[in-house]
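Both complexes below contain chain A, partnered by chain B and then by chain C.
And now, the complex of A and B:
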């Protein structure tokens, strides 16, 4: 152990005295620190914006004058998704998917205001987040720092001296790895500090998730460290090592995630937006138009309702039948819309699973899935928001439909556009608008999150194991 | 009877298609200096690497105090200090740091005065000792490497072209060190091109040609090997 520490210490001393290594180390620290600050500022700003926009939307909704409740159904309401506190580490798919949904009757609108669409082309290259730095840049900088760590000893013949002092090849490679791991830890430091100072960092769940995310990144960087040291030990020259490592970096970090995405979209094709919209419209047509109580789709409903209440006509019902049709129609419409939405979500999850299969080919694919899931910025979190928003929409619309049923007569409702008095009687008090609860997105269940991250976590562990086995193999094959 | 420190027993080493060592046998006893002389590619450095356990022989054994190098490399390396041809030291470290580092790796904790004495013994100028080795001449680096080999205080010293790059005064100092170590019982195997130096300092000189030990010359009563006989045979071998 002492020998490993000595070798690691000397490697660090070499880097300290080498201008190239210093430059790389400073760049790594600077980039990871900048990313932490930028990401924290960006996420805080977006969170404040979303809260302010949500408050403004709530206020505008509640300040609406006395109205017919169905007008409020169509007036609609905006809900915003507040970012997970751990989005400061990994913004995941947050910047690609919408963070706000306009909720209204008879429709499920898509989420809008995706940062990537708002900020233009540059954001599509990936946000400058700690995740991006640690996933993509840190391995590159580790390569630049360590590609010659063993090759240099061979080229300068100091490997003879090391072995001549009775140092085993295992100790040499473990010592070199320990030094490079220190650099990796340095890159992780801003992430850890950021995690502790970020908003919402005082909860146990946050700290637990942060710890596991940092552990995941450490495993990922440790894999790269073992790979770098092994390649440096196995190949004859440092130049060869650099070429092989850069080649692997390009394939694993640049190509594989894109190939994974392309494979996912071709292996699980999804219908286009227009196609889906047309299919939904067709399915909705068969459900009838709930604005029209005489629509043929509601003949059965009328018969059943009259029989149930033992009356001859809808005017004799103890509630506004028009509101009742709206209520029943919304229920039927929502079932159709939910089926399409769930179908879409299943397809997206299948695409994600197809892309995740590439985690056996590249550790970054495994890490991305792991990091996004635990940071609360993954696809399932977006789906969770869509479902919560849809629940809120449905409850809001049905609340107003019930108000329509109970707060006016059918006669007034039918005559509201022809009689000023009826119109006035169908307007309900604006205090009802404030009875709608404020939209709140409950966090995804902890167990659900851990379960979703477990497979990616196992993949990361296997990559780390593979890296360590390669290191042991390289130690056995170490040649002078 | 003097204990045998090094023993090559019918040693065969083949690298690729080339036979580098062929049925080589010799012994070096405690306190003996044995020089292996040969041209380029004769197998000199290969012999040393085989004793270090860094190369596995295809046949025969290389033994150090009874330990077979190929089977017990760690045990063998504990007993050996090895001085490679080009001083293999760290360029970013100064002389003190190099000595401290390598000795720490072999679990030694020498005093500063011991290090100073070793550097004095190899005549490394005082003012250069705190400078990184990348500012040293080849000879100065060689002196630091020799000091390191001395400091390990092992019973066996393997030297690969030890005087290469040294100025005449430093060569003389080095020969004195070798004689001193030999008198303390250290077994020394050196491989060299330096016919004159080998004959002056070695108790026996072996001539290597294409991996075969063709002859061994013993020192006479004056303590040195007959240089004329060695040179004649060496030149004959070179022509052949």
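And now, the complex of A and C:
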């Protein structure tokens, strides 16, 4: 143990003297600290904007005058997505998905106005977040720092002196690794602090997630450290080590994530939004138009309802039959819409798991999934928002349909477009709008996030194990 | 030593250098892969468009058979518009995934319809596209670094440099063939797959030359940069590599991301959602205003319909369409501001391109492939024009209050969507 510490200390002293290594170290720490500040500012600004927009939309909605309730069904409401507290360390898909959805009767709109669309081309170059720095840049800078850590000793012939003095090759490689790991830990520090400040007692489960996320990043960086030290020990010259390590970095970090995405979208094709809309329209043909109580699709409903209440005509029902048809129609429409929406989400999750298969080829694919999922900024969180918005939409619309059923007579409702007096009587009090509960988006349950991240977590563990085994193998080779 | 011999010698060096061959092979494979995936993407898009046209016509025809009045017929009649991928789109898919390439519009307020986007899988989009533009912006410079960082230092460190300098007539004849061969290898490995892709897409010669030149310029820039670093005799090969990779990080990652942060903070106030909110307010407020208010406002800006008979009841389709149009006209200013803020961001992006070759080549390729912001706005304008046509087709029967008949409805024919500019080019 003592020798490991000695070797590590020696390596750190060497970096201190070497200009390149020292520069690289400083850049890594500087960049990861800056990323923490920038990301924090960006994410909190975005969160404030959305809160303000939601408050504005709520205020406008509640201020609406007395109206026919079905007008409010079409007037609709806007809801905004709130980001998870850990978006500051990994903003994940936040900029790629729409921030708001317009909720109205008879249809499910998609989330529109994604930040990436409004930023344009540069949005594709990544975001300056602690996650990006640690996933992509940190391995590169660790390579530049450590590619010669063993090769140098070989070239200076100091390695065999060490071995000759009875220092085990395991200790040498572990010592070198310990030095690099210290650098990695320092780079992790800004993420840990930022995540800690972003979560509090009210978001305690996110603080627990943070702990696991940090563990994931540590596994990832430790893998890179072991890889760097092993390659440096295995290859003849430092230049060779550098070439191999850079090549691996290019393939694993630059190429693989994109290749995974391209593979997934080609192998699991999804229909376009419009195609789905058209298929929905086709499926809804049999549902009938719930604005029209004489639509042939509602003949059955009318007979059943009349029989149930034992009356002869819809005028004799104890409620406004028009509102009743709207209620039933919305229920049937929503079932069709939900089927399509769920099918879409399943396809997207299939694409995601197709892309996640590349975890076997590159540790960054595993880490990205792990980090986003636990931070609450992954695909499933977007789906969670879509489902919550849909629940809210359905409850809102059905509340208004029930009001239409109970607050006016069928005769007035039918005459609302021909008689001014009926029109006045079908307008219900505006207090009904201000009493609508506002949209709230509680984050996805803790267990669901952990469960979804477990597979990626296992592959990160396996990568770490592979790195460690490689290190042991390199140590054996060094002895021979 | 004559030149022919030197060239032969260098070729055999190149073929013997496993690292260099490996790098070239990687570039070739990745470039081919990006072209193949790009081609698959555009052919999927074209299929989707074909399918859209069929489904769209079916749905519209079906809805027409149900029509009982013109207003209702127009309400139900969506018309498809599409922006087919260009002959170079496979190489730079650009902004096509986030901006709509297909939409369906009807005679209602357009501002409520035009911002619908296609559904993308955000997690896949986040990783970025694996297209040729990516290969040329990211991978190409790395391969060049790989090829040249130890060009001089390896010979110097192995002690051969002096020997080589003595035996060569001049240093130029020593290095020039070696550099040329490597550049040629890189250019061919990168471009040949692209050329094959362009052949299969029958890309216009102008774009083909444009994109090849852009790639060659990118190769030239990086070769010169890396050679400048590598030729500093004070640098060991590892130092040269570290500095070159550092330059890559700065030019390809740091500057674009810093630019993004700057642009997002300096051109704030993008309120896309507000445009559709305003449009909705105007459209909905109309229901609570006296009908004559809306009609007078509408007739003031559209005097051609002012002689339409007055509305007596509390509801009329022409009133409905009038307030839809007023909704668009009220939101028009905000919509313009929204677009201008995006254009302002794009202008700043163009400035960032001067600092980052990666941004520059992506912009150039997206420009040539018509997959950039400008192209998506051009498409939006086409859709706006088409929407106007749809409106105008229904206004005569609505405002002249022509009695409804299926025969008269059948006379309202709206031609299929066509991009005017593109058909103009074909003539």
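Keep in mind that, in the parts below, the second predicted complex is superposed on the first by the 473 of 480 C-alpha atoms of A that agree within 3 Å, B and C clash if a C-alpha of one lies under 4 Å from a C-alpha of the other, contacts with A are read in each partner's own complex, and residues count from 1 in each chain.
Throughout what follows, a contact is a pair of C-beta atoms (placed from the backbone, for glycine too) under 8 Å apart; a residue touches a chain by one contact, two chains touch by 3 or more.
Just so it is clear, the model here is predicted, and its values are computed rather than measured.
Undergrad: Following the superposition defined at the top, how do chain B and chain C come out on chain A, clash or fit?
TA: fit
Undergrad: May I ask you to decide whether A:293 touches chain B, chain C, both, or neither, giving the answer as first, second, both or neither?
TA: Neither partner.
Undergrad: Let me test your reading of the model: by the given contact rule, A:92 touches which partner, first (chain B), second (chain C), both or neither?
TA: Touch status of A:92: second partner only.
Undergrad: Return first, second, both or neither, reflecting whether A:10 touches chain B, chain C, both chains, or no partner chain.
TA: Touch status of A:10: first partner only.
Undergrad: After superposing on the shared chain, does chain C or chain B touch more chain A residues?
TA: C
Undergrad: Tell me which partner A:166 touches in the superposition: chain B (first), chain C (second), both or neither.
TA: first
Undergrad: After lining up the shared chain so the two structures overlap, which partner does A:157 touch, if you call chain B first and chain C second: first, second, both or neither?
TA: first
Undergrad: Using only CA atoms and the superposition described at the top, report the least gap between chain B and chain C in Å.
TA: Minimum C-alpha separation, chain B to chain C, in the superposed model is 15 Å.
Undergrad: Residue by residue on chain A, keep only those touching chain B in one complex and chain C in the other, then list them.
TA: none
Undergrad: Inside the complex, what are the residues of chain A that reach chain C?
TA: Those in contact with chain C are residues 20, 24, 27, 38, 42, 53, 57, 60, 65, 67, 71, 74-76, 78, 92-93, 96-100, 102, 109-110, 112-128, 132, 136-137, 140, 144, 147-148, 238-239, 242-243, 246-247, 250-251, 254-255, 257-262, 264-266, 269-279, 281-282, 285, 344, 348, 351-352, 355, 368, 372, 378-379, 382, 416-420, 423.
Undergrad: So in the complex, the part of chain A that touches chain B is made up of which residues?
TA: My answer: residues 2-3, 6-7, 10, 13-14, 17-18, 156-168, 480.
Undergrad: Quick check on the complex: what are the chain B residues that touch chain A?
TA: 49, 52, 54, 74, 77-78, 80-82, 84, 86, 88-93, 101-107, 132, 148, 152
Undergrad: Flag every residue of chain C that touches chain A in the complex, lowest number first.
TA: 19, 22-23, 26, 30, 33, 37, 40-41, 44, 48, 51-52, 55-56, 59, 62, 80, 94-95, 98-99, 102-104, 115-130, 134, 138-139, 142, 146, 150, 154, 157, 237-239, 241-242, 245-246, 249, 252-253, 256-261, 263-264, 270, 272-273, 276-277, 280-281, 284, 287-288, 313-315, 341-342, 345-346, 349, 352, 358-359, 362-363, 366, 372-373
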